[in-house]
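You will see chain A twice below: alongside chain B first, and alongside chain C after that.
After this line comes the complex of A and B, so read on.
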């Protein structure tokens, strides 16, 4: 809990700051939008977190979002498949990709960075090749299905919870329970901390690592479906570009250590929220788009530094107490 | 080591899949035919139509054409152009992403092959001709569409994929100048981060999304949140109008916001039919591809009569509104072979 205190503080600070400067930030409409974007990025960040917790890294997330994003409309509109069938197909595809990553990392002993970097390149190329670079979309025929991404559960007249946020909450609760209360989840933490020790204590570490990569690509696949449904027009060459970095950033901001063995799902979700609120704040406050990355980079850096200083202060104070 | 055999198998399998993808490509034609390059500034359905035009012209004028679409802007253009030059192409038609700073690259082309520009011009380079439309005029056309739909004036936010590229800058400036009833001067540049106020129309902001569709939608939503009384939104790149439309529809503000588009995305055309988008200004990418290759083919054979005095082959933009959308859409579908 202590670990996510800093990031929660940063979220609150950005939130209050923006709301104070621009009251329109707090309109139901804007909050709904920010929640929706947080959910979309939060979902792929959860997958990234699992891989990072086992001490790996998944750079293919953005390309999986892109590949699934073009496959879904191709299957539904181009091939005329039914919605359940197309959904099943894209989930199976993302599952196989994760399996492939996991096997290459554990059985062939390749570095996760290399395996998933090649994935990043390969899936992007495939997505562009099968579509001939043509933009894919659902047209107007799938308005019902698209509610999964753009729909809302109305709470008051003006405010409703966006559907992707419901998906995020379900996934986050499942992921949190899995990580903290199941044997497999504890195994993952343990092997991320010290893989050899975990293996010698009888954990089938390979199986756990493969599972983490599968979770990584399946959440990227789910994210890919929702992103595609949300924007409704998927450009194969750019859709999802750099999303792996947002996912990794959210995971690390939320308390995952890139060395593995540490992380909390709630922290990851809050990390994703910080990024989206920052993006939203920049547009809402009318800051020129050119400054976007500079501001996001600076705010995150300042936040992480403040967090580190507070931690050191706490450690120093408790050490001082022990001496006394 | 027990796994060694399987590793090799796996690697062979992957390598096999990779090379398979490379097979079945079209074969190069006879070696004595001139080869010309057609370089775009990105990857978009717009360029797929230009590709069709370029290939049709290649067949008609008996040349090989290589259509190159960079995924990473000026850096990609440099790489692709140098590859083309290394292969000894006779001419290159390029839509320079950043003409001011690509002088070196354009000179390099001009020194080794015939250089022409299409879609976006580089007037200071030694290009032989520019094939395209006048983006400033097209921007003004876009402004006129809004004026017609919203004669009493109001507040406007502009959305664009990129600034700094000549055609994008000109397009934006054209819209602004038309809305403010200024004189025709395509060298004027209004700053991006200031509110531009005219007698009737106020341009509140220009948001730039770097070709990220999701961000384009997010920015449209953020504009709706920031300016609750906004009157109009103009999307200046092909994917902007559909994303604006999504955002406005989800906000339930279709009645309040006047939307004007650019280019011919299917969603934009459908929205014009439905009456939710006022109109759009379309270019003719097929002609860009076709005319570029026609000119380059003639130049490769030493025929310089294809170069007009003005160094400008005008492919004018057109206004598409509810009146002519059906005819235009049918024509478009025929071009892309649907």
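After this line comes the complex of A and C, so read on.
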């Protein structure tokens, strides 16, 4: 709980700061939009967090979003598959990709960075090749299905909870329960801290690591479906570009250590929210959008530095208390 | 193997008749009132020592007595919390190992500190490379290295890569490096722990030679025989405090042990005779990947405590690793309770009723950043699994509380990170992790390494209790006293072989050492 205090503070600060400078930030339309994008990025960030908790990294997220993003309209529109069948197909594809990553990392003993970097390149290439770089979309069909991404549950006349946010809440609750209340979540945390000690305790560490990569790509796949439904015009070359970095940034902001073994799902979701609110603030405050990356980079750096300083302070204080 | 000596023949190692240096015994280095605390433990309390020029000062003490910490402070690796260091009578604040080296103090590490992918010469001059306008003077490095290597009795080319050297040679290269930096004080922390007898004797020759040249040496060791022959003076540490000092003519094995342990050794290891049960582990022609040509055969009976003695690198840890399924056996048969088992992973071993308290507690035994509770249930948590994989937190808490109580683990709360516990309590957590699984066979690798003397005794008592309850214990130890004190039976290993088996009534230090070192002419030079 203490850990997400800082990031929550940051979220509130950016929120209040922006709202104070630009009242339009608080319009129902804007908030609803920010919430929807927070949800979309939050979903893929949860997957990134699982991989990071086991001490790995997943750089393929954006390309998986891209690949699934073109596959779904191709199957639905091009091949005329039914919605459940197409959904099942893309989930199976993302699951297989995660399985592949996990097996390469654990059984072949390759470095996660390398495996998923190759994934990033490979899936992007495949997405462009199978579409011939042609933009994919659902056209005007599938309006009902697209409500999953663009719909909302109205609360007042002007404001409603976006559907992706509902998906995020469901996934986040499941992920949080898994991580904190199941045996496997315990195993993942333990092996993230110390893989050898976990293995020496009889834990099938390989299997848990593979599972983490599967969670990583399946959430990226779910994200890919929602992103595609949201934009309705998926450009194979750019759709999802850099999303892995947003996901990793959200996870790190939310308290995940790249050394593994640390992180909370709530923190990661709040981390994703910080990124989206910041992005929105840049737009709405009229800050030159060219500065977008610079500002986001600076805020992440400051956030992580502050976290590190706080941690050092806490350690120093507890050490001082230990003195006999 | 590389030739060790200039002529290809062993250097005569003179028996040291009068170890006192001819050079005036001028006070060179002094540490006064040094105190150092770590989370959960006071490593040093008001400790002092002084070192004369050209003196070999041995610092001895049990594991966890604070020897290594004191050496790290002298070498600038860690700052003391209180106290002063005086060099040539003037107080110095040593800020870093580099600073210590500039002052002429060099630490020869327990874990060697050379870069294996670089040449011997490059290692000797690392960080001090002679240069002209930024260009390294390779020829000068070569020539100077050759000269300095000769001083420690090595005659190979400085261009040789360090990774091709034996451990003993690497140690000598480290010493050469220190000498080339004009070290006046050499601190050697357990220098012989990984050396063969022959290599150790070469080292003793070099130490004697250096003493003659006025280099002062602090020699940390728990090998009392070495200390007896080498040291001009002995400083004893116990539980982080000074526990006496012995002048040259007072240095005897018994005097040292008595000060180290602080009590009569015979009462330290409490064994009461009890019935030994049926055979629970039968190992037939077992082959570990580390020693493919050396099949091992032995057995273990319920309620028996069997010690595995031998030098570092004799194959003891490798044996335990194979028995616990960490490394796959290349051949042979293992039977637990009469049933043949195949151990492909620690999971298999645990299922067969084995448990391992590993050598490296912090890396292999514990997840340091997790809480005491999570560590205690790490191996057995699957038994707390409800339908669907949910943790039964209530049962987990109960089990934890019981284990903390049974083992008398001192921790403020069960949610405390294990990192903050003392070594002894950490080891109890490792033990507790397994006890809740009720193993039939407990494997222990250096079970009391780095824990204080009180905790040691508690571990011994637990071993005794467990054996009484019918658990078979196979433990590896480098501490001969522990082997002699705790074992019903001892297996001695050397070079991957079990060179002998000693029943309790045939046990003696000499018998174990004889088997552990092999025959002297086995050392191949």
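Here is the rule we use: the second predicted complex is superposed on the first by the 305 of 324 C-alpha atoms of A that agree within 3 Å, B and C clash if a C-alpha of one lies under 4 Å from a C-alpha of the other, contacts with A are read in each partner's own complex, and residues count from 1 in each chain.
Heads up, the rule we're going with is that a contact is a pair of C-beta atoms (placed from the backbone, for glycine too) under 8 Å apart; a residue touches a chain by one contact, two chains touch by 3 or more.
If you're wondering where the values come from, they're calculated on a predicted model, not measured in any experiment.
Chemist: Which term applies to chain B and chain C once both are placed on chain A by superposition, clash or fit?
Modeler: The answer is fit.
Chemist: As a test of reading the superposition: which chain, chain B or chain C, is in touch with more residues of chain A?
Modeler: After superposing on chain A, more of chain A is contacted by B.
Chemist: Where does A:184 make contact in the superposed view: on chain B (first), on chain C (second), on both, or on neither?
Modeler: second
Chemist: Roughly what angle, nearest 10 degrees, sits at the C-alpha centre of chain A between those of chain B and chain C?
Modeler: 130
Chemist: Classify the contacts of A:8 with the two partner chains as first (chain B alone), second (chain C alone), both, or neither.
Modeler: In the superposition, A:8 contacts neither chain B nor chain C.
Chemist: Tell me the contact category for A:261 with respect to chain B and chain C: first, second, both or neither.
Modeler: second
Chemist: For A:200, select first, second, both or neither according to whether it touches chain B, chain C, the two together, or no partner.
Modeler: The answer is second: A:200 touches chain C but not chain B.
Chemist: Quick one: minimum Cα-Cα distance, chain B versus chain C, in the superposed arrangement, integer Å.
Modeler: Value for chain B versus chain C, nearest C-alpha atoms: 9 Å.
Chemist: Which of the residues in chain C come into contact with chain A in the complex?
Modeler: Residues 37, 39-40, 42, 324, 326, 345-347, 349-350, 356, 358, 363-370, 374, 378-379, 381-382, 384-385, 388-391, 393, 420, 433.
Chemist: In their shared complex, at which residues does chain B touch chain A?
Modeler: Residues of chain B touching chain A: 3, 6-7, 10, 18, 21, 42-45, 47-48, 69, 71, 192-193, 205, 207-209, 211-215, 217-219, 221-228, 239, 242-243, 246, 250-251, 265-267, 270.
Chemist: In the complex of these two chains, what residues of chain A are touching chain B?
Modeler: Counting only chain A, the residues touching chain B are 22, 24-25, 27, 29-30, 33, 37, 40, 104, 107-108, 122, 125-126, 128-129, 132-135, 137, 139-140, 150, 227, 230-239, 241, 279-280, 283-284, 286, 288-290.
Chemist: Quick check: in the complex, which residue numbers of chain A touch chain C?
Modeler: By the definition above, chain A touches chain C via 181-184, 186, 189-190, 193-194, 196-204, 261-262, 318-319, 322-324.
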